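What follows is a short report on a single structure.
Labels for the chains are A, B and C, by order of writing; each one numbers its residues from 1.
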């Protein structure tokens, strides 16, 4: 763990394709927050996508070139790798070892890289140890009532069940109200949301209902893909709740 | 049972629109699922128990040939007989021939999922023998001529009105809105069958190799009735239900029961070791154990899927699964619904026809989190998806539309080279223009229309994160 | 050459596991880690604990059994226990009852103590002109079944019956009401302890054909998750704890 007096914690940012292409503001927030907490960041330009969409759909041979590219891009050095997505972090930390289970050289690379990979909220709490500093830096301009959706891969693949809530609770300007079934999947699941749209839509319907029931003005998660799905459902139904990534909430509070 | 795995989407659509079904499926979350979490909390060393049970199952499955031979020898020593059935047909023939040879007219059955696989009831009926399901839920299902909706609660999709109407129509009983009346009527009907029957059929929750003991867990007592009243007891089990020793039962009973219903223990746990002994006051004269493969050796042969044989059929993954809680038990089209069914059914009945089962999952992992023996169901779903697209383990079973294959190739090419990605994004910004209103896309053409049926989509912003970083952040 | 179906079944499994044809590797003994000596020692220890902690175990059982739906009586004497059973018989207006030949029921002088209730009490044991069919009929007609216990389990609120000569399977199952009498010193701390003893029984050749762990009334929640009792087994169950 680092304290402000230590030399800066050095990390590479993997922005994820969805943030890069659709939600650049989430990436910007993540950068601002991490820098304010003393991290020294770089952004390896060769990065693209971790390959999860192909891997999850069964196209392992299509996923492999992308995963190889990731490993080549991030393997050098010993910097932390911060990923503002529980799902993409799971792909790199957990599923690369499945994908390359029968390719020893790449498996070795994936195993060596895995311990350096952290999802954003894990990185802030577990590596930077910055919960206190977040609380101090949060200036609380106005109050917001937020509810938290626990993204599936963050909870169940990475086992990070506490960090995001800890940070939200540390913000004086944010009142955290728990929704019912916060740990239940919103129904995204990548191509599942399109191929099995009615099932996914029914799951989303529940999520929207439980979010509405809290009376929150903001729904927070650590995955832009879940938020794209939940936000798209809220918008479709004309529900006035803002979907925000945890990085954005912290950025605004510390801003 | 004839698999209907091909009709997953139709079944799912029916359930999603069925308000009554949705209500009872939500009940699984607040009922069994919540009860399991409370029970796990109240059990000391719950996580260690899970590890221990998984290790025992892994060990047993790796030595299945050894332990099966041990069961065979020990059941024989106890005066019973073991029959090994390679498939459903062999198992059916053995049981029906036995019933015929002994002049059996009525067979009472305690719950056995394997006998559902076998379609045993139809075989009995064809032979002029009356099979009677005695688990209350199974009895309802049998009267309704349906298949079980849930591993633990087969008729949970039926309301009291449904059951009352069914009893009225099939049994001539007076309509009622009291569940106690329905229970009493079932007891009255089934008690007569218990008295008449010459053969009792049960499943087996566990088979202890060292002693040749079959363990049956019930709440109603029908398992006890089936093993105490008729003169012949036949237990039918999948070959994976073995545990090496009696000493393992404490761990497994705790995990099974607490994961299934959240009870500390069921009303009855019954252990059967052969037929009654010569001095016993009662009990069956004959005991047969039918051990069924029926495709399980295909799961065994695949190291990536082998752990599906650790399943103890508690149903916790069904209760935890947000997809099961939307599509219900019938959509899965065979005996085993839910996450574990999405692994087992395709391999046992044909992967190609069952292609929707592994794909109809958001891979949220709630099943693995719930599984008492930590079966990694999401990983096996991924493996089956791979087999459906490009695998070689199940020849002739690949099923993926060309369009999807092309789309995946396009995606890979886009992200493999950044030049191409930049071009694709730039094109996207142009193409989306007529669709964007206030930064959102509200309608997209097929196949993406599935998305916009339930959500809007964000328009591509002017600049990517990458370009903003380059300009300096 | 044709192989027997049984051999074919095993061949398939060996093949699936990658075991050499015709050879079944035995698991290493350490994987199971239980020698006869271990079992003996384990069983001895369990028996010691049952006696040493008899009081607290009875108290815990009273609580867990009650939670499971047993009506529990702590009986300080054989007389109190017999009186309780008599009250149950009277309340039920039972005309016939069956019982096992457990010694505790003899010591309670149950036959004598129930004489004035008018109930016909049948011991479920062959001989005296009654064969199995006749006994079975008695059980079917009985309003009440009375048994001792072979063990009880504090963890789970259970009594354990091990049917054998003198201990019928049906007495605790077929009548609508069951009374079980548990003696001091019969209560095991946990399920594991039961199976330690039963494994010892097995190795001594005394496993028998059957065992039931009974933990409350017959129940079902198969319709609308609503609990009902007495579906096939007894809907009313009493546990009398001696001492």
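One rule holds for everything that comes next: a residue touches a chain if its C-beta (ideal position, glycine included) is under 8 Å from a C-beta of that chain, and two chains touch if they have at least 3 such contacts.
Given the structure is predicted, the values throughout are model-derived calculations rather than measurements.
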item	value
Leading chain pair when contacts are tallied as C-beta pairs	B-C
Remotest chain, subunit A as reference, centres from CA atoms	C
Subunit A-subunit C separation of Cα centroids, rounded to whole Å	54
Computed distance of Cα centres, subunit C from subunit B, in Å	30
Touching residues on subunit B, where the partner in the complex is subunit A	9, 12-13, 16, 29, 322-323, 326-327, 356, 359-366, 368-369, 379, 382, 384-390, 400, 404-405, 408-409, 411-412, 415-416, 418, 421, 425, 440, 442, 447-448, 450-458, 460-461, 463-466, 468-469, 473
Subunit B - residues contacting subunit C, complex	24, 27, 31, 59, 62-66, 68-69, 78, 84-86, 90, 134-137, 140, 153-156, 158-160, 163, 179-180, 182-184, 186-187, 190-191, 194-195, 210-211, 213, 219-222, 224-225, 227-229, 239, 244-251, 253-254, 261, 264-277, 279-283, 293, 297-298, 300-301
Residues of subunit C defined as touching subunit B within the complex	5-6, 8-10, 12-17, 19, 24-27, 31-32, 34, 64, 67-68, 124-126, 132, 135-136, 139-140, 155-158, 163-170, 173-174, 190-192, 194-196, 198-199, 202, 207-226, 228, 230-234
Complex interface listing, subunit A residues touching subunit B	15, 17, 19-24, 27-28, 31-32, 43, 45-46, 48-49, 51, 53-63, 65-66, 69, 95, 98, 152-153, 155-157, 181, 183-185, 187-205, 228-229, 231-233, 235-236
